[in-house]
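To keep things simple, chains are lettered A, B, C and D as they appear, and every chain counts its residues starting from 1.
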Amino acid sequence: MTDFPDRLLAGYRNFMNGRYSDESDRYRALAETGQKPHTLVIACCDSRSAPETIFDCGPGELFVVRNVANMVPPYEPDSQFHATSAALEYAVQVLKIRNIVVMGHGRCGGIQAALDPSTEPLSPGDFIGRWMSLVRPAAEQIQNNAFMTPAERQTALERVSIRNSIANLQTFPFVKNRGEEGGLSIHGAWFDISTGELWVMNSKGDFVRPDLDEPPIEAEQASA
Amino acid sequence: MTDFPDRLLAGYRNFMNGRYSDESDRYRALAETGQKPHTLVIACCDSRSAPETIFDCGPGELFVVRNVANMVPPYEPDSQFHATSAALEYAVQVLKIRNIVVMGHGRCGGIQAALDPSTEPLSPGDFIGRWMSLVRPAAEQIQNNAFMTPAERQTALERVSIRNSIANLQTFPFVKNRGEEGGLSIHGAWFDISTGELWVMNSKGDFVRPDLDEPPIEAEQASA
Amino acid sequence: MTDFPDRLLAGYRNFMNGRYSDESDRYRALAETGQKPHTLVIACCDSRSAPETIFDCGPGELFVVRNVANMVPPYEPDSQFHATSAALEYAVQVLKIRNIVVMGHGRCGGIQAALDPSTEPLSPGDFIGRWMSLVRPAAEQIQNNAFMTPAERQTALERVSIRNSIANLQTFPFVKNRGEEGGLSIHGAWFDISTGELWVMNSKGDFVRPDLDEPPIEAEQASA
Amino acid sequence: MTDFPDRLLAGYRNFMNGRYSDESDRYRALAETGQKPHTLVIACCDSRSAPETIFDCGPGELFVVRNVANMVPPYEPDSQFHATSAALEYAVQVLKIRNIVVMGHGRCGGIQAALDPSTEPLSPGDFIGRWMSLVRPAAEQIQNNAFMTPAERQTALERVSIRNSIANLQTFPFVKNRGEEGGLSIHGAWFDISTGELWVMNSKGDFVRPDLDEPPIEAEQASA
């Protein structure tokens, strides 16, 4: 147990002198009244794809699950510890969030690992190998496609995986119920780290550039 | 499948016109060379405790796992899907992160649920109930202490749970090995949403206010 | 009976040349008209927690009881000598003080003794053991909590004890009556010796940092 | 339970911006290493006679008991709660203080009450009446002395009471033992609120003005 990293303390000082200082009333109110986030984001752990940064969201807006490759496993009501399913249950049943966004991104290390059948387990426990087996069937088809470049196979599986997670979301009875009642909408998004482009999934499952032509609105005044 | 939330598109426009515009070179370089985050943060899904905000970190710095109540389960090399263990394995074995921070926060809904023995399952799957059973033994001792206020019991369990997760981290052979080689340090932190105060864990396991008296340094220039 | 300690005589000279010299009119007036303190403070004997220092109060402001661990025993109208109850009676019935503050502090030796069941009596009379038995029930619950660190158990009992003393205050009929008439308010406070932080008790019994954001006012001109 | 008194919060701000700011290293060291006060002062609750003020002592120097009329009851090893005896035991046996000062003062309300046989109990519990009965025998002789003025009778009993407390101190075996070993000296002092004069007890039990002619020394450098 060593001293707390200097870099993080320096960043914390910036936060206190900057953002917290500007928004202390908001933080206090959020502490008093509790959080009421409008959206659950299931994002990747990747250090380049923080949802609060990409969506420029303030405290209280996004309830965020982050795991490797932003995946949702299928509904499995057994006696295990399910980190992602537990967060999903809490977000839908307690917080009554109105949107779920599964947000993937380019150059995802987890997806890359899933596409490489020669990868040795990273440790005897092979946690990544097992975790990424959630997209094994799709990965097997894509990895054998000799006509696509490696980058194309990677992007393809990143997007297939988002649709796979959305399909798994629908296997949770409480998600299905809330969706049918009209109080919950589910979305896919894919972020290009290099260009900063956001692609969103349309009703056919395709990823398209959203129309950003509307006059800019103030984030604070925007309705969710 | 409905239209992508306006609020998120508006925030994304802010990102593109602001942060991305200022840091596009950094994003491009991070895309080319891959991420080399210095720190793995295990944080809560709570919408009020985004690590990138609190530590004022930019893209590429923090590899972030977020689950309910920022917990690490013990090492269980079985055939299940382990979201948190997989991320831990990837961060330590592939990314060679140098710090792990388990960051809890005040008024955590998951911890609150763990302290309330009368809580009904949120759904037939009872995912939150099972997930929070990771801190059941400590919760049982604390919930029966009639002399502490509800808020005191909550803070106590939030901190006990951070120590519990750190103890669980040590059960992973690859974490233990890297720690013994000196290349990995493990830290606890607790964020007070209302006051913005950060408390860090000292070598005794107690949470104390870090010394922030040093002259402010530029976050970007700070070494990790 | 030896010579009076040099250190105290040197300090007394400082007082006469400094504070008394500046405030001699006030001392003379206080001698003539008698004291009218606004607040009774029940504080610990600890050498690091003098109420006049921490609240920067001048002569005539605070009527101060100091005993080990700043405790108030319950109302016991028997024939014994009750140092604390006598002071309380005098403060409320004669001086008509308007506030009572029970002020605890961190690292309290009395509380530490209460938490250590193996402590031998300090003398055959076991005065500390008996005195600290005022918090025995709470101490027993807390000392058996194996998940909290020693420092956390200590802070917890320090705060429980303040609430316990406040509950005991309410068992005195004259305190209860004055409180119901609206002329007396009761407060808890806890002082962190290391950081200098003062925490005050809110209406739920929790200890929180008071809002100190108001523009500084002159202590001498401040209304009580 | 109302808001914490403004006057005290304003004073606390002064402390933090002034004394604590100047002496934060000392407070931190005292927190780390524990207190080692050189002197136990048994003083009155009176708002005009704070020992830290009169002896210009900083944090860590004085372990202070304050009760009405700065009294020490005789040694009574029974099962009662003894606030003063407990503090005495802790100061001598744990802190190994080197000096005990029983400090009285002029115009003491408790002594005044002891001299007035017509006083009604302040409450049905009559705590002050019982507490002041510690000096009843002396009070009875003095109150009937028709040749002394009321002010003379008051001063006389204030000083008799200090000697009485010192005699009671000697009934505690651990005080007697430490005194005989040479590690503990006992003193009496009497403070005149109006003039600021300090009178100390000499070896005959008389109260005299101490010789203050020595060149002033810096309090911080003074040895105890």
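Note that in this section contacts are C-beta pairs under 8 Å (C-beta built on N, C-alpha and C of every residue); 3 or more make two chains touch, one makes a residue touch a chain.
Because the structure is a prediction, the values reported are computed rather than measured.
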If I compare contact pairs by residue number, which of B-C or C-D overlaps with A-B on over half of them?
C-D
How far is the middle of chain C from the middle of chain D, if each middle is the mean of its Cα atoms, in Å?
15
Between chain A and chain C, tell me the centre distance in angstrom, where each centre is the average of that chain's C-alpha atoms.
52
How many angstrom between the C-alpha centroids of chain D and chain A?
66
The distance between the C-alpha centres of chain B and chain C, rounded to whole Å, is 39
Using the touch rule from the top of the page, what residues of chain C touch 2 or more other chains?
195
Please categorise the chain-chain contact pattern as a line, ring, star, complete graph or other.
line
Pairs of chains that touch, anyone?
A-B, B-C, C-D
Could you list, by residue number, the parts of chain B that touch chain A in their complex?
1-2, 4-20, 24, 27-28, 30-32, 34-35, 37-39, 45-48, 50, 52-57, 59-68, 71, 73, 75, 77, 79-91, 93-94, 99, 101, 106-107, 109-110, 122-128, 130-134, 172-174, 185-187, 189, 192-196, 198, 200-203, 210, 212, 216-219, 222-224
Going by the contact rule set out above, which residues of chain B touch chain C in the complex?
137-138, 141-142, 144-152, 156, 159-160, 163-164, 195, 204-206, 209
